[in-house]
Amino acid sequence: MPTSLLLRGAFIGRFQPFHLGHLATVKYALRSVRELIIVIGSAQKSHEPRNPFTAGERIEMIRDSLQADKEISIDKILLIPVPDIEIHGLWTREVDLLVPRYEIIFTNDRFTRQLYLERGFKVKEPTMCRREELSATEVRARIAEGKEWKELVTFQTATIIEEIGGVERIRQLNNLGP
Amino acid sequence: MPTSLLLRGAFIGRFQPFHLGHLATVKYALRSVRELIIVIGSAQKSHEPRNPFTAGERIEMIRDSLQADKEISIDKILLIPVPDIEIHGLWTREVDLLVPRYEIIFTNDRFTRQLYLERGFKVKEPTMCRREELSATEVRARIAEGKEWKELVTFQTATIIEEIGGVERIRQLNNLGP
Amino acid sequence: MPTSLLLRGAFIGRFQPFHLGHLATVKYALRSVRELIIVIGSAQKSHEPRNPFTAGERIEMIRDSLQADKEISIDKILLIPVPDIEIHGLWTREVDLLVPRYEIIFTNDRFTRQLYLERGFKVKEPTMCRREELSATEVRARIAEGKEWKELVTFQTATIIEEIGGVERIRQLNNLGP
Amino acid sequence: MPTSLLLRGAFIGRFQPFHLGHLATVKYALRSVRELIIVIGSAQKSHEPRNPFTAGERIEMIRDSLQADKEISIDKILLIPVPDIEIHGLWTREVDLLVPRYEIIFTNDRFTRQLYLERGFKVKEPTMCRREELSATEVRARIAEGKEWKELVTFQTATIIEEIGGVERIRQLNNLGP
Amino acid sequence: MPTSLLLRGAFIGRFQPFHLGHLATVKYALRSVRELIIVIGSAQKSHEPRNPFTAGERIEMIRDSLQADKEISIDKILLIPVPDIEIHGLWTREVDLLVPRYEIIFTNDRFTRQLYLERGFKVKEPTMCRREELSATEVRARIAEGKEWKELVTFQTATIIEEIGGVERIRQLNNLGP
Amino acid sequence: MPTSLLLRGAFIGRFQPFHLGHLATVKYALRSVRELIIVIGSAQKSHEPRNPFTAGERIEMIRDSLQADKEISIDKILLIPVPDIEIHGLWTREVDLLVPRYEIIFTNDRFTRQLYLERGFKVKEPTMCRREELSATEVRARIAEGKEWKELVTFQTATIIEEIGGVERIRQLNNLGP
């Protein structure tokens, strides 16, 4: 059995909302680790234009999406919300305290990446296809502008966003409500 | 299919550490809910006599214990750390934001129980057998005093406590180190 | 006696500073509620370009203005400062804990409005006359630029701003001091 | 007109709950000041044995009690909740920012008193009659133990405590519930 | 001996990083005070484009620079980090609690200056030569863009920035890494 | 030159107040390190029975004491206040960010000691002579009870405590004032 399969990895993001690019990263990560912790960052934020969804809502989106995906075994996944910390330089140390031990990082966030690199961690930054489209910024913008956005997310993410009134919420927070 | 099986429940505690009484509650809860969120309270605390373990360590203890138990299906469990909140009366509202939606509460904590009751929630307080022994307070006391403590916890909890130097840590924090 | 007169309402804003548009909203609100709580939001902020005045100063402006107005009975008014909360989605829950019970909301803030709507609250957003002029942003801009600003606020607000050196403060904070 | 009547005073306490001793202090204070700010300290606390009531509930108790008292003119009273501050030595400075300007302090709290004395403030500590009985500690203890407590508080305080289920709450928080 | 030499002064800045303009201010200040407290503001911030260095790193830069300068006697200098405070208007009061007593302020920050002026403090704002170049903003911009930056700082600051990988850090945080 | 002389050490305590035992530890530490950082812990606390003095006052006591001691060269000392951190397990990481790099720890605090030991740090716990007497707890108790306390502290500490009204403050906070 290859050593790499014994590792636990951490995929760190804000997932506002969880989209197909995130899903691809989960699958990519699961090829090299035994268990994957999905760290939901800025967990204390919600109801803002840049952070419309609560951590609980984001966990529901991710969990439902992964459970429905046949390529993914949900029992290899941990979903853990982590709030921002006032002392910025301690961000990755806070993650250490709130999640099980891990050996490798997956993230696109420059700040997080830099902090882990200074600690000597291995950080993987997956090159994503359709990068411009497949971003949470793009998903939120399309929702705000009333454009087609469901093709960028999983069916489960779309369902939860509608269930919780997420389209209306994003439009209201952007001052575009009726 | 009985309606009750569609519910999601939340089991709220500090799990300092996770012991056989907690395990019994998890099994009891899983008889009436489809999914169980285990809320690790006071998540920001560790390295204190009353709160020796980090949230990450507590998650490892619980996850390993449940994964090894044949009666429990780990994919029905979510493990979510929630820090204390400065405005005490908002504690259960903070839980709402950080975890998926839930309908029923399991807890022995009086403060948590009271807040949920005032909101009209259904709160179950399981009557545990061997209650005096099966408490985290008792486990910590026995570790501090060098008494036999492993019979009160799962094999997995005991293993992790030893792996992370937990016995030594508790003794040091209680000013009983060598 | 009409039922509506038994209600308590909450008028939520930052009041940086209190102006004639706010005064009109107070009068409008008092037509439909028995008591009105004026919630002074972002109470912890002051001495910033967007938030020049302390909560205490804002309370003085509002109280003096309302006491001097013959149409308003000051004993129907409560003035309560509420600081921002780190977990954004709990903002309206924090208001619940810090003020007496209320049944209806008056606010122009989109974030606050959205949170209350999701809770099923009745939210009134008064259409104000002279909306572009009658904004706190406009008042601060005119003070900073040395333009005529007193016509936008009550006599009492103007008096307190001058008493506390508010004109000088705003100019300094905007880097326009002598 | 005597100069003293021009002053604004601040009466600082926790009011857990508001009792007849507090009421006597309000009347005593109103003899020497024009307006009285009642500062509700530890405003962020509630649902604890020592701090059972929210700031909003405490404001209701005080406001209803004072409005019903013929000796007191409610329009001379401001009720302002102030949360504790992490940097303890800044407590009275926080009060300065959140309430209108004041010149004299009424308090029985040693910590608050000391901080104001070091700033050169005038602090009055009213000698209360029936001091042992007329304390919030005594009221809470009697409620917890099921003894007669209503004679220590105003009719309005008693009414609100019953309306919000305060007796039950205190008993539950003290682990004395049914 | 002139009275002014008995004073203690406070030089308040963020020092991101410490540059030749700051050094000139230290020398200028030491001409009028007996001891100088260098207050490192926003001490909790680091690893951000505008605040790349930790307080500890900034203290090292300043201390090494001053120790190497023959005109400066290091035993007249105190270096004290002070984090931002949530209640903005208490910023200078927080400084009061965390540093020894002082009588005069040196700062270019408008917010800090305004707060001290309102307290009646004497605030000196040194007119610096080469002001446009000699700013921390300029130093960070040059580092990010790969331009010559060492001429704007002391030899010691440059050495520490290189030792801790500061050039790489700034480039990464600005999304300009390799 | 022995290698040990190149090290920087950190002496971590609360110094409420600084006494002769602390002074002995400073001298002991300076025998093995080139520079010594004195970390003033719980920097945000003051005006409490257990923490009567502000960080600024404690810095004055220590600085004056060390400057007057012929065996100590003040330019080898850094005095840095560090507030407590909400996430307890990050306490030593917070120290890392706020002070220059260090290699060895001197402390009597069990919590701090345990956290550093888990990180693999070298921690020295000096065995003090007259340990029961030479404790800050003893100094505060003697001041509160009006007993002879000056023999336990330096002349400079005693002077500052008297200058700032510290005897009176401690007595008031312990409810023993006149």
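Each chain carries a letter (A, B, C, D, E and F) given by its place in the written order, and its residues are counted from 1.
Here is the rule we go by: a contact is a pair of C-beta atoms (placed from the backbone, for glycine too) under 8 Å apart; a residue touches a chain by one contact, two chains touch by 3 or more.
It should be emphasised that the depicted structure is a prediction, and the values quoted were computed from it without experimental measurement.
Engineer: What chains do chain B and chain D have as common neighbours?
Structural biologist: Per touch definition, common to chain B and chain D: C, F.
Engineer: Do the two copies chain C and chain D share over half of their interface residue numbers, or under half; same or different?
Structural biologist: Same, since most residue numbers here occur in both copies.
Engineer: So how far apart, in whole Å, are chain B and chain E when each is placed at the average of its C-alpha atoms?
Structural biologist: For chain B versus chain E, the centre distance works out to 47 Å.
Engineer: Between chain A and chain B, what is the separation of their C-alpha centroids in Å?
Structural biologist: It comes to 26 Å between the two C-alpha centres.
Engineer: Could you give the separation in Å between the centres of chain D and chain F, each centre being the mean of its C-alpha atoms?
Structural biologist: The answer is 38 Å.
Engineer: Could you say which residues in chain F touch two or more other chains, in rising order?
Structural biologist: Expected reply: 44, 46, 54, 83, 87, 89, 97.
Engineer: Can you give me every chain pair that touches, using the contact definition above?
Structural biologist: Applying the touch criterion to every chain pair yields A-B, A-C, A-E, A-F, B-C, B-D, B-F, C-D, C-E, D-E, D-F, E-F.
Engineer: Show which residues of chain B lie in contact with chain C when the two form their complex.
Structural biologist: Touching chain C from chain B are residues 85, 87, 89-90, 93-94, 97.
Engineer: Which chain C residues qualify as touching chain A in the complex?
Structural biologist: 86-89, 110-111, 113-115, 117-118
Engineer: So in the complex, which bits of chain C are touching chain E?
Structural biologist: It is residues 44-48, 51, 54, 83, 165, 169, 172-173, 175, 177 of chain C that touch chain E.
Engineer: Note which residues of chain D are touching chain C in the complex, please.
Structural biologist: Those in contact with chain C are residues 43-44, 46, 54-57, 59-60, 63, 67, 74-75, 78-81, 83, 96-101.
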